[in-house]
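Below you'll find the structures, each written out as structure tokens.
Two complexes are shown next, each including subunit A; its partner changes from subunit B in the first to subunit C in the second.
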Partner chain A sequence: MKTGFSVFLATFVALGASWCGFVLAPVLQLGGAKQTVILQTTDNWPLQRPGEATLGLQIYRANGCAACHTEQVRQTGVAFNLIVTSAGKNPDAVLKAISESEPNQSKYTEHVIGFPGVIFVGISKEQADATSDKITAAGGKVETDLTATGADIARGWGSRQCVAADYLYDQPVQLGSLRAGPDLSNIGVRAPDLNWQLRHLYAPKSVTPDSTMPSFKFLFEVRKIGDTPSPDALELPLEFAAADGYEIVPKPEAKQLAAYLLTLKANAPLYEAPFTPLTTAK
Partner chain B sequence: MNPTENNSSCDREINASLRVPLLALFGGAAVWLVVGLVLGLIAGIKFHAPEFLGGCSWFTYGHLAPAANDAVLYGFCIPAALGVMLWIFARLSQNPLALPLVPVVAANLWHLGVLIGTVAILLGDSTGHTWIEYPRVAAVLLFAAFLLIAVSAAATFGWRREQDLYPSHWFLFAALLWFPWIYSTANLLLISNPLPRGVVQPIIGWWLANNLVFVWLALVGVGTAFYFLPKISVRPLANSGFALFGFITLILFGTWCGIPQGAPVPAWLPTLSSVAAVLTIIPLLAISIVTVKTVCGACVSCHGPFCFIKFGMISFVVSGILYLAEACPQYSRVLEFTWFGVGQTQLQLLGFAAMILFGAIYELLPQVMGKPLPLPKFAKLHFWVAIAGVLLFVVPLIIGGIEQGEKLADASVPFAAANAAALQFLRVSATGQLLILLGALLFTANIFIMTIQWKIGLVKMVIAYLKSPLETPETVEVKS
Partner chain C sequence: MMSDENKSCSTPSSGEPTTTRSTAPMWIIVLTLVLLFVGGIYFDRHSGWFDAKVYAPYASAETLDAYQPQSGAAAVLAHGKKTYEAVCGICHGVDGLGKPGQAPPLAGSEWVNAKKFNRLAHIPLMGLAGSIQVAGKDWGLNMAAMGAALPDDDLAAVLTYIRNSWGNKAGEVIGDDIKKIRAQIGGNAQPMSADQLMKMPE
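== the complex of A and B ==
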């Protein structure tokens, strides 16, 4: 490094390379990304948010919600659940096949009272295949469910990991880097009630007593109850409620933010993040 | 020892040319440091008393935390580093600062930009991307100001008397090129409309964050240390071959770090980052070998500028190792989304960059002003307060982050319990923040008293000049 030019050249090459790798290449690879299709359906994913929720994302950004909340579920791997949907003509043979199969039998005796029933939970691909072969041979009908594993999934924060496609329409994308509060990727699934969301924004402790979230009171208006009470007024426990004769009404910002939170659902099975969705019909 | 620097008439010229630009840069930087630390302290208090200053949107954690971080990085670290860089360039060139008025204008533009940016974040006008929260107006001001200072620095660099480059030259010159590139790329792409689609935004954000907070600060910090450590200890920089090796590997590998391992992006990106992180151990080793060999056996009294810089270099290595640990997939699973990352960033900002800059400023400012520090005891006290503050601030965050991460990784522990575990540690780290703030006030006092003394001197000089037109200004200056 004898001359300024050689330093310039070294810097240019080094930074230029990472610029090509981490700016140019992602723009080329992902910049033109389009909607994908939800597994085993013809539905598109993700959908554009409704206008109210799009405005809500801006409230989320402006208040720096991402300083404490992530929108990013992680998973460590996958596991399988085995469900016998019908025992066929020879239930005894099926029961025998189940009891002879390798995964821990205690689960079987506990859970299978009748068919259809979940017989094994959280087993590996090989175990699932072997067992389902035996049961099918005995004349039973078997379904294999794919589930995601990991602490985030076990906490109920999502049914699969978040993938690039989930953020397609977020402007700006608010991934977050600290979990001082819970992950919000699926808050719209966990708490689908608009009023719960609003109550939580106004007085977090009124719905989750050990919350450390600050109140977002400035998104609400405390006003005198006029001739007709506002239909939007919050119904709060006594210690959080407004004084007598007053009501707490969400400002448009609060409604938008709550509308945005309700759209946070990363729960569609995708090619890059497959799982078997729960169907209540069974 | 650095190249011939004993020409005293030349010294006076160099120092005189730097006086105004450096006071403009350092004065504003000191104010922003205090502002940033106060905002950070309030943000920390919010976790124990969420309703503290609760009625106002300005004072929620989501507004305060980014404003505080940006004020420390953009308000303090960058302008202070630029000031130190100008001084080092002028010293190494053995020439007065070229275009001395330009950095003065630039310093004011810069601080105006930080002011606009900070107010915008507090008002809710942040862009929502980490480390580039400042809205467009502020970003343009910062970029223009940086370019102006870079022009002056490059001109000083170009007019050097000695053709050979000193190791600090590589680091600082690279930093000069680094910032405009990363800052303009990130701002052009992320403060545009429409934004790039989906996860391209966070990828660019991570690239900027890594190149700014890790690489850029490393370049200026190490470049500054490699100038001052040999100079203060009056011995040559050991193993300058290692220094060159460290420089090249730092810019080659360091620039590829920063994509989190769990990120919802194509897998090749985090993989590449973790490979780069492993390779970045090489420059960390090379730089620490050079530092240790230069420092060991030097007879320098403690708690002066030398020890500030020494502590800064220790923080650099520790913060580097923590940063690389985060990039290992198996650790990342536990450490991601915890206070660990916050602690590492704060160590990089306040333990490494700020400590080296404090040391450099305490060393160079008396030379530039031509008189000793007005409150030398404050500077000594600052050293101990700053060390205690950084340790008390960062260590609890790191340990608390690990504990929080382990509890988060165990789904049988309720979320609130994992959170509460970290909050105990945050209580200790608030004490550390308070100490760092106290140190910053001591530092600011020194800079401000110096500036005021200089301004009084100027006024006296002008008055004396007006009273006795025959007397030459130089002699008056000596008297005052």
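== the complex of A and C ==
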């Protein structure tokens, strides 16, 4: 076989190129990932999970939760909201500046009468910069809020896309690829109640009637109520509750899984995924 | 030609068929080059140059920088830059290097990099007449009171910007400082000379 060396070389190059693409490049890019800092604060992100939640990740993995749930919020764009916080000494000039500004003609405008008020919603960076310059020149004070856009954001699954930093302490990362259920990147923000999580694991339909999620009853123990009822016993609607004289108590696995779910929060503004977090009205 | 080749492979008389080298057709080469070109354009637009911090929809690190919420020092510098480029940059240059025959440089200028900014602030507020020594060169040019019409905060942002750009590393100027200096000047709107400036506190 006189072409043997050529075949070997071609195979080597093909496999080597894919190794470079799938192994070497990601390691060079993200292999040295470290904790990062939340925008405009000195707080670190992400924080190491407590021990129970770290064990919970393995329960999540063992029960194949990632088969139906993803942990990745996607984002397709960015948009700005413009808020006039103060009209200054000359509100008429500010009103004139607003009515003359470009986004006023677009379909995304939203007029609010009186200040402070949200003037424009969902405008581009160029429009936001130009308009805020005009209003500032007229003596008003303007704040621009940066928001993420996209189908996942519209579903309320997060305020920004997930980035590599969010998964720093996930071993292994449970990205998931199929969404039979909702994305769980921010389930700890949406459902921060431990008892809700446990009830949902035991009988999903008891908290969300339309749920198609299977019950994870084997993570719970149904036992006779002893001298003193367990403080952990689930409080369920009648149709899901145990028979009289029995109580439903979560096993350690259920508690660990719920603790893990409560730590799923990808909601801090980061350099790579900036947004303006909601703050209480001043 | 084609039929000859087929014949030579199929007829037993010519012996075992052998592999031969043949040139790749031109259209494959052209197609490959076109695909590489399109791929290069796509790569340029969407790769973010493999920056670990750059994710879609941000195209590059520069875009991502531009979208960072600005507050505090960064916002002041950004505002100062914008004002400087509109008001001062025409003569002093957007690179702060000045223009011969028009204006002295601000980058590396001892007037800009002074510990305090009292003399510096007087120049845009009152204007300058006569010769002035900047970075070892004599500039015999006049400057109008370009900053007199700017609001305190804007002028402060400009001064902060020129004191912290192009290698300059001096302190921050805030609006209240400008207000105080403006109050000292009062109605006296005569352009200063370099000698008069030197007599003032730094």
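Note that the second predicted complex is superposed on the first by the 265 of 282 C-alpha atoms of A that agree within 3 Å, B and C clash if a C-alpha of one lies under 4 Å from a C-alpha of the other, contacts with A are read in each partner's own complex, and residues count from 1 in each chain.
By definition in this document, a contact is a pair of C-beta atoms (placed from the backbone, for glycine too) under 8 Å apart; a residue touches a chain by one contact, two chains touch by 3 or more.
Keep in mind the model is a prediction, meaning the values are calculated, not measured.
S.K.: For A:Pro252, decide between first (touching subunit B), second (touching subunit C), both and neither.
M.R.: After superposing on A, A:Pro252 lies clear of both subunit B and subunit C.
S.K.: Once the shared chain is lined up, is A:Phe22 touching subunit B (first), subunit C (second), both, or neither of them?
M.R.: first
S.K.: Looking at A:Val7, would you say it contacts subunit B, subunit C, both, or neither? Reply first, second, both or neither.
M.R.: first
S.K.: Name the contact category of A:Gly64: first (subunit B only), second (subunit C only), both, or neither.
M.R.: Once the two structures are laid over each other on A, A:Gly64 reaches subunit B alone.
S.K.: Return first, second, both or neither, reflecting whether A:Pro229 touches subunit B, subunit C, both chains, or no partner chain.
M.R.: Once the two structures are laid over each other on A, A:Pro229 reaches no partner at all.
S.K.: Contact-wise, after the overlay, does A:Ala33 reach subunit B, subunit C, both or neither (first, second, both, neither)?
M.R.: Both: A:Ala33 reaches subunit B and subunit C.
S.K.: Contacts for A:Gln161 in the overlay, against subunit B (first) and subunit C (second): which applies, first, second, both or neither?
M.R.: Both subunit B and subunit C are touched by A:Gln161.
S.K.: Comparing subunit C with subunit B, which touches more residues belonging to subunit A?
M.R.: Of subunit B and subunit C, the partner in contact with more residues of subunit A is B.
S.K.: Quick check for you: in the superposed arrangement, does A:Pro50 touch first (subunit B), second (subunit C), both or neither?
M.R.: The answer is neither, since A:Pro50 touches no partner chain.
S.K.: Looking at the overlay, what does A:Gly122 touch: subunit B (first), subunit C (second), both, or neither?
M.R.: Once the two structures are laid over each other on A, A:Gly122 reaches no partner at all.
S.K.: For subunit A, give the residues common to its interface with subunit B and its interface with subunit C.
M.R.: On subunit A, the residues that contact subunit B in one structure and subunit C in the other are 3, 29-30, 33, 76, 161, 163-164.
S.K.: Which bits of subunit C are touching subunit A when the two form their complex?
M.R.: Those residues of subunit C that touch subunit A are 19, 50, 52-57, 64, 66-69, 71.
S.K.: For the complex, which residues does subunit A have touching subunit C?
M.R.: Against subunit C, subunit A makes touches at 3, 25, 29-30, 33, 39-40, 75-78, 125, 146, 161, 163-164, 269, 271-274, 276.
S.K.: Under the definition above, what is the set of subunit A residues touching subunit B in their complex?
M.R.: 1-4, 7-8, 10-12, 14-15, 17-19, 21-23, 26-27, 29-33, 61-68, 70, 72, 74, 76, 151, 154-155, 161-182, 204, 208, 210-218
S.K.: Quick one: in the complex, what on subunit B touches subunit A?
M.R.: Contacts found on subunit B: 46-47, 50-51, 54-57, 60-63, 65-66, 121, 124-130, 157-158, 163-165, 169-170, 173-174, 177-178, 181-182, 185, 189-190, 194-204, 206-207, 211, 244, 247-248, 251-252, 255-256, 259-260, 262-266, 269, 272, 333, 336-339, 341-342, 404, 408-411, 415-416, 419-420, 422-423.
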